[in-house]
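Each of the next two complexes has chain A plus one other chain: chain B in the first, chain C in the second.
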Partner chain A sequence: MHPVDTMGQNREGAEYGFAFLDEDAKRELRRTIFKAVCIPGHQVPYASREMPIARGFGTGGMQLTLALLGPDDTCKVIDQGADDSVNAANIRAFFALTCPGVTGTLRTEEASVIQTRHRIPELPLRADQILVFQVPYPDPLVVVESNAAKRRRMHGRADYARLWVKLYEDMVAFDEITISHRYPTRINGHYIIDPSPIPRFDVPKLHQAECLYLFGAGREKRIYAVPPHTDAIPITFNDVAFAVESFRDKTTGKRHVCRRCGADDSFLDEFPDNDGARVFQCSDAAWCDMRLERLEAAE
Partner chain B sequence: MKPILDVENLTRIHGPGCPACLEVTGPEHDTNICRHCGSVVAVADASLRLHKGEVLGIMGESGSGKSSLVKMLYFDDKPTSGRAIFHDGGQAHDLFALNEAQQLRLRDMRMGMVYQNPSLGLNFDISAGGNIAERLLMSDELSYRAIRAKATALLTRTEVTPARMDELPRNFSGGMQQRVQIARALSTGAPLLLLDEVTTGLDLSVQARILDLIMELQEVTGVSMLVVTHDLGVVRHLTTRTIVMKQGRIIEAGLTDQILEDPQAAYTQQLVSSAL
Partner chain C sequence: MAYVAIRGGADAIKGSARLMDALRAMGSSAPLELDQIERQMPLLHSRVLSEGGLYHPRLASLALKQSLGDSLEAAFFLRAYRSTKPRLGETAPHDTRTMRVVRRVSAAFKDIPGGQMLGATPDYLHRLFRFELMDEGPETFAQIARDWFGNRPKAEAPLTFPKVLDTLRDEGLLAPLAESDEEPFDITREPLIFPVPRSAQLATMARGETGGLLALAYSNMRGYGDVHPTVGELRVGYVPVMVPHPVTGKPMEAGEVLVTECEIVAMFEKADDGAPVFTLGYGACFGHNEVKAIAMAVLDRAISVAKDKGRIANPSEDPEFVLLHVDGIESMGFCTHYKMPHYVTFQSDMDRLRAARTKAEEAADAPR
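Showing the complex of A and B:
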């Protein structure tokens, strides 16, 4: 159990209890998490609290993380793979301020709770780790049905034919499925979730994982989960295989590699360097650093 | 002959309803509005039987309740009382006793509907082929190539050139939209088809070709049909048996040629004699 009340004892002049939220709010969040784990992929409504940042900036993920953190936890915050972007750095600073005892880290393997925006770490997560996603749009049906009440009934009936129609229209127009992120994924054979804007590359990591994945949408007031050892299948046709980004060069046909660590199996960011040339680098900064350390140690 | 659909005392009252509703409305009162509670009696005590492979016409003026009746059978609306039994594959489904998921499953896989207005039956934001694919996907066909092949075959059969299957139906003429709707309704090989004023609003030559198409498809597939229309020509062409509705009631039923040649009810006589 986490300490019930440390009001005013955190630091000089502190006016909030441990982990910012009041105990009732954390209890409700934990209860919602239990329900979400029990019904994999089901969007459970909850009373999203006001946070000191605006909705849409990761308040859903923050509330989940705050409800999970105890003083002996180690926490990591990722924004699009990097730990040092403004969003990630500030959220990590906020956790350090409001959760005394919690250690911040940049290393994936050290963290017990990882809050992430739009990436799953390259390093496979363990059973004692929890990955918390910041989710902008929790409902995959929102693109085909605007009425929220109808969407809930459709989820109940597993009535997802219209999502496949989207795929069909894609195949007709482009000869391939063009969804690059937020790829609809069927959890445990029933509910289809929006796995937040992770790239296709990360979707297979949801399937039969060791760790718990929690999704929090603060603005839309929904929490859902992909528990460990649960099927997570990206939707597709029987005769059209689901494919992840290949990072192959169009002219040479060879896969691009990270310019720092040389990884040829990671998700790469493409950007121009100072001379305007295209370069590729691991999107997961912690993974890239770890590989560099290993390479140096080997030398 | 085996029945495919048995409708018993189907009633639909819009509004609060009162015990007197059914007594003070109907053709003999020339109104379907209850003077006590103001409710509208859309359909009252409608019973009918449709046999396998039969085409049954439902005739009547606008507001007589014929579309309301068909809408309930397609679960677009819920009846106030009454039953409907759908005999399919050795099973008798009590339509209004099923839960919503079962109803929609039956509707998606075992029934087809063609509306008067194609915008009700088709999604204008997806291609003609996509509209047919949607029905196939609902019935668990998940192979892209099989869906493509089936959609092409269906559109060819309903005389829509497959070259246009990837276009949006909003760019089609009214007759073509109706053909796409028919192809969509036929796509799952459902044994029961509901046609609601399918030729209304089309010009005469297109009407004739759509009717020819429906007759041909009926002969090839042996599908049972309920054909709602106010057009005597459609009834004469398509149906073997006809019921006539007025103010929510069935006032006459029988063989089509009998009804058209020797109408019994005063309203039917008026209807038949007023044909241009």
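Showing the complex of A and C:
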């Protein structure tokens, strides 16, 4: 759980420099990050180097993390909320190979940089922590406009009328806004972002947070940010409340709880067990473990 | 970063990597030598060099060996390796008239200055199996090359050739080459923000995936577009790479790269001075990849047509559509990523579907 050894002795990675990328690439990434922080929600283009892990697997997030990490950092990687998901394990192994000195951790509170795919940790992040998102589609307007040049103009003018029309059409057709994840969220009153495929459950965590949120889209070559203490409002209508995933049992009307730690307020993974019964469990593995530790300590 | 022992995923990945490696070694075949890949599968090797966008023949062979022959994966190895290297300098533009030609053909003229030179091509071979190759002894194998070199007089053909299209230019049928001092767009250092200059268009396609370029170009050829190309010249050969000397700054030859270049001539358009001229499409890439170079030239022309007319009528004419979708590393990666876990977003999808179904049920149950 608490690794102390570093990667200095790793011979396999010795042929590459610290954090894999050449120094010019890292400098470009850092400049782009500054710009993204200065213009909250604006998608800043950058060159985006190829990573030895395929496009779509988090190359944007990896480049951000590699540009951020120094030898005294502590890093955590999650996918679907879990550290042991294949992709998280794979990216973690790559950082282990190429970032000698950096400490790895599974605990949210210990990490200075957390790279994530599809979740924001349940434990509120602090001002000294950075959450790096892996982003497949950086542009929320892509659902209504396929031409990138037009989308850029629309963002500049904050012209989001067609997104609102899409939400309205949803209401007409289903009496529900059917966007399940990647929920369009307005940052600092101007740009609307695609907050990456996090569930709606996680969107409120973007609003007026303590930590810095960085979004990296490697294939689409864009970086954007939600800085600390910044407004992040999911778009909806005055008379239609933004609704997060409910986890309410239709027959009993009660909310499902985690079968491991009993949490009744976390995002749950739902899956059939070996007998075919539906079970629910915290998606955030570190959160679930932490609650279990506390419960054991209390006994 | 220190490696943290975690459940499930990490062990599974290690096991999978070992199995991938073991697949090569199962059976009784001898280990592949890098030379065998480069010499005996030069066209596959060429494809990887070109799509990888890094001219490193030896690493291209290693990439093919390591990726078990998957051309997309092999090109990916070269690209990823490239990310670790700084850009040290730029060369001046290279004139392919200096190419040491191994093959050149023109479909536009029966004969061309310097002559047509078929070189090595499968174009006119019958695709019939030569079953004797199933069991080829080392002695007969070595004899093939000896026979070829045996009675060959030295320097029977010139090494370099003039460009076929120069004759069209001399006659004024093709617009003269405009000297451009525009900085070439470096797609490895800048993202494509549309509209992009033609140099970005050409660079993107030069390392594009062969199948992707072919599919889009073919759509134009067979009706979703109207380029109607004639291959003015297709040439394959070695171009000397001139780089500025680090001390004197004078150009010096650092080596040579195998290049395929294709210039297509398309139907005429009105030039600025009023007289109609033929138009040109250009394709070039590392390695010996003729289909790719031709497809690229057709797409280059198709995009330019739409630019000139100010109207995009077909997907192959839309620079965004073409340039953002022809890269094999990006499209393969994104396609592959769908195999990764998506259960959080799927949970969210189920939530929305259940909510919408509940609303629908309530509406159905409500008294009318």
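Of note:
One rule holds in what follows: the second predicted complex is superposed on the first by the 286 of 299 C-alpha atoms of A that agree within 3 Å, B and C clash if a C-alpha of one lies under 4 Å from a C-alpha of the other, contacts with A are read in each partner's own complex, and residues count from 1 in each chain.
By our rule, a contact is a pair of C-beta atoms (placed from the backbone, for glycine too) under 8 Å apart; a residue touches a chain by one contact, two chains touch by 3 or more.
Fair warning: this is a prediction, and the values are worked out from it, not measured in the lab.
After superposition onto chain A, the modelled positions of chain B and chain C are compatible, with room for both.
Applying the stated contact rule after C-alpha superposition, one finds that A:R162 touches chain B and leaves chain C untouched.
In the superposition on chain A, contact of A:D269 is made with chain C only, not with chain B.
Of the two partner chains placed around the shared chain by superposition, neither chain B nor chain C is touched by A:P234.
Contacts of A:V172 after superposition: chain B is touched, whereas chain C is not reached.
By the touch criterion defined above, A:G216 lies against neither chain B nor chain C after alignment on the C-alpha atoms of chain A.
Between chain B and chain C, more residues of chain A are touched by C.
Using the contact criterion defined above for the overlaid structures, shared-chain residue A:P138 touches neither chain B nor chain C, since it reaches no partner. In the superposed pair of complexes, A:G41 makes contact with neither chain B nor chain C. Vertex at chain A: the C-alpha centres of chain B and chain C lie 70° apart in angle, rounded to steps of 10.
In the superposed model, A:R153 makes contact with chain B only, not with chain C. Once you line the two complexes up on chain A, you'll see the smallest CA to CA distance from chain B to chain C is 9 Å.
Listed in rising order, the residues of chain A touching chain C in the complex are 1, 3-7, 16-17, 20-25, 28, 45-52, 54-57, 59, 69, 75, 79-81, 83-90, 92-93, 95-96, 99-100, 102-106, 118-119, 136, 147-149, 152, 174-176, 178-182, 197-201, 219, 221-222, 243, 245-246, 250, 267-271, 283. Listed in rising order, the residues of chain B touching chain A in the complex are 100-101, 104, 108, 126-127, 129-130, 133-134, 137-138, 142-147, 166. Those residues of chain A that touch chain B in the complex are listed here as 153, 156-157, 159, 161-162, 164-165, 168-169, 171-173, 237-240.
By the touch rule above, chain C contacts chain A in their complex via residues 1-4, 6-10, 12-13, 76-77, 79-80, 82-87, 188-195, 320, 324, 329-330, 332-338, 340-345, 347-352, 354-356, 358-360, 363.
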